[in-house]
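Report on the following structure.
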């Protein structure tokens, strides 16, 4: 499985958006390290990366709903990088700020105030994504 | 804040559905223990229960999407009772089995195979909910 | 390190309390399985069990405060058996129901509504403990 | 992807072992519900189940080591069913009780005393597996 | 609900303490991002922030005990920002270093050695808070 | 219990390896803060640190296997510092890159894609460790 093909699916279409500084740094680091990981040719890891991409494809549920699902799951599990990834995808899918904060509300109610610090960084990243 | 008023919001409208055995037992235990907890009149807990109900109300996002969000959050946090609660609500909101399994897919990919045993019990409960 | 000595520290003083049915079953299972585990003479595990007992001994903080700390930690980590153990200890330490629900409030706010099902079972166990 | 083929990989070779009662019940429920889940033909879920099986196949690391890795991961994440699955596989791979308790030690030190209740149930299941 | 009123409750009374550098940076970022979040007027989030403040108010348990509860919950859930927040509040409530380390002990025993890196950062922040 | 004696067991033998920049910074911070923590003479914490060292000593399982167990546990619990510590130990124990990625595979399958960002940082640290 060629590393390049998977990696491309993984990066945001940077041609389409002039992202803010946070988003650019995040994407560069992720792209670089995904290349290192996928280059090791561990079949299980490479297939999981591939499967991850398929999970959010259009299906019975639209892409936008799936990205909201990925976002809320990342928030309650409190993974800042995963939150950033899905915020980028939500931005591409046209999620509004009001809709986004309703996802933040579900995450903070289900996951508790322990999610608040991640919500702060998510709010900051979301503002960064608007700078295009 | 009267315990009764909150509790009613919390139970499934059992008049509407003839639920299966699992769902009935679950609802009875939850109703009984919510009454015990809310009866203690701890202001923070009673307000949190109330807020929990508001979280899933129609807003910028429809009720159905919010219930899917609650479900996926409950799955990756691996809480069987929370999963059951949201499965019941998803059933009421008209979620199809195909849509449901796409939520299961997101939960299992984000949360890993550690979510599989909870997915088994969720699949069983979903079948139970269809028995009406 | 003799298994018996540690185990005794671990069980509630059943001579002192006539516990309810839930508490009795819980203590019997725990006592029996602790004996199996400690009997294997794994030095790390046996020392950890011993250290666990020391953690809640009177120190700069009183026993009651330490048991409340153990309880809230068990609740946000959502371990029903650990919750039961500390509820038993809180009962022995003279914690009132009003104090207990303030701990429940902290646990549910910090840990989110995912803690509610564990709070239900904790409330049930607390009622069971009063039956003496 | 035929559900049957994956499911067979998933069950213990019951021809080989006369398992105890706990293990038999666990395997029956898992087998039945895996059939329900895989029968829904959600591509992401079915591929993840398949990938899960590949993860523990002989590679640079032997099967036995991989099963110990799966076990310790399941213990610190505190999933009783996952623990049971890997205990069954460890039993098949010839893990000794002394080795097993060293895995229990790592899990309890890294994951804390919150892992103890799961260790009790693991110790019980391990004894159940010896009954052949 | 005016954002300003909640935010003020949330910041440390900087008039009262000359905090160290870490604490100042932390408070500035939190204050700024809380303003962004609360400014979105999502009713659920704003009420949760408000409820969070009420949780630690004097009640059947004293403020100091409640802050110790908030601290130990934050430690076992391994949230550095939440730990910092409660360390600041514990400092205000007059918690001694010896008492604090007994809370650290409970957190590390219950939560395991996975809590150690957070304990290191907590110890550093606690030293930073003494610089007034 | 003298703080110095435990601390030495804790640091990598820096005489033996010319580590990369990430590893040096990590070890310095850890050494400095462990000294602060152990210097407080909290008996429970100091014994836990000591016990932690014993957990990974040669036993029925070899040191290398135990370090792989510590690594996978740290990965699924998503603690970057714990991952770094065990990567350093794995490097000392002669773990190959191919073996390491099989541990990464188990961690990512069991723990889900939420583990991917930690795998990126682990892959970066592993490359850093090779620079000697």
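Labels A, B, C, D, E and F are assigned to the chains in the order they are written; within every chain, residues are numbered from 1.
In this text, a contact is a pair of C-beta atoms (placed from the backbone, for glycine too) under 8 Å apart; a residue touches a chain by one contact, two chains touch by 3 or more.
Bear in mind that the values here come from a model prediction, so they are computed numbers and not experimental data.
Novice: Tell me, which chains sit next to both chain A and chain C?
Specialist: Expected: B, D, E, F.
Novice: Provide the labels of all chains in contact with chain B and in contact with chain C.
Specialist: Common contact partners of chain B and chain C, which must touch each of the two, are A, D, E, F.
Novice: Of all the other chains, whose mean CA position lies farthest from chain E?
Specialist: D
Novice: Rotation angle, chain E onto chain F: superpose the C-alpha atoms of these two copies and give the value as a multiple of 5 degrees.
Specialist: 120
Novice: So how far apart, in whole Å, are chain B and chain F when each is placed at the average of its C-alpha atoms?
Specialist: Comparing mean C-alpha positions, chain F is 40 Å from chain B.
Novice: I'd like to verify one number: the distance from the centre of chain C to the centre of chain E, where each centre is the average of its C-alpha atoms, in whole angstrom.
Specialist: Computed from C-alpha means, the inter-chain centre distance equals 26 Å.
Novice: Rounded to a whole Å, what is the gap between the Cα centroids of chain B and chain D?
Specialist: A distance of 28 Å separates the two centres.
Novice: Counting only residues that touch at least 2 other chains, which ones in chain D make the list?
Specialist: Chain D, residues with two or more chain partners: 44, 48, 51-52, 55, 73-74, 76-77, 82, 98, 102, 105, 108-111, 113-114.
Novice: Considering only the defined contacts, which chain E positions touch chain B in the complex?
Specialist: 43-44, 47-48, 51, 54-55
Novice: Where on chain A is chain F touching in the complex?
Specialist: That would be residues 29-30, 33-34, 36-37, 40, 42, 44-45, 48-49, 52, 73-74, 77, 79-82 of chain A.
Novice: With touch defined as at the start, can you tell me which chain A residues reach chain E in the complex?
Specialist: 78, 97-98, 101-102, 104-105, 108-109, 113-114, 116-117, 119-121, 123-124, 127
Novice: Could you pull out which chain A residues touch chain C in their complex?
Specialist: It comes out as residues 76, 108-115.
Novice: For chain C, which residues count as touching chain E in their complex?
Specialist: Against chain E, chain C makes touches at 51-52, 55-56, 59-61, 65-66, 68-70, 72-77, 82, 96, 98-99, 102-103, 105-107, 109-111.
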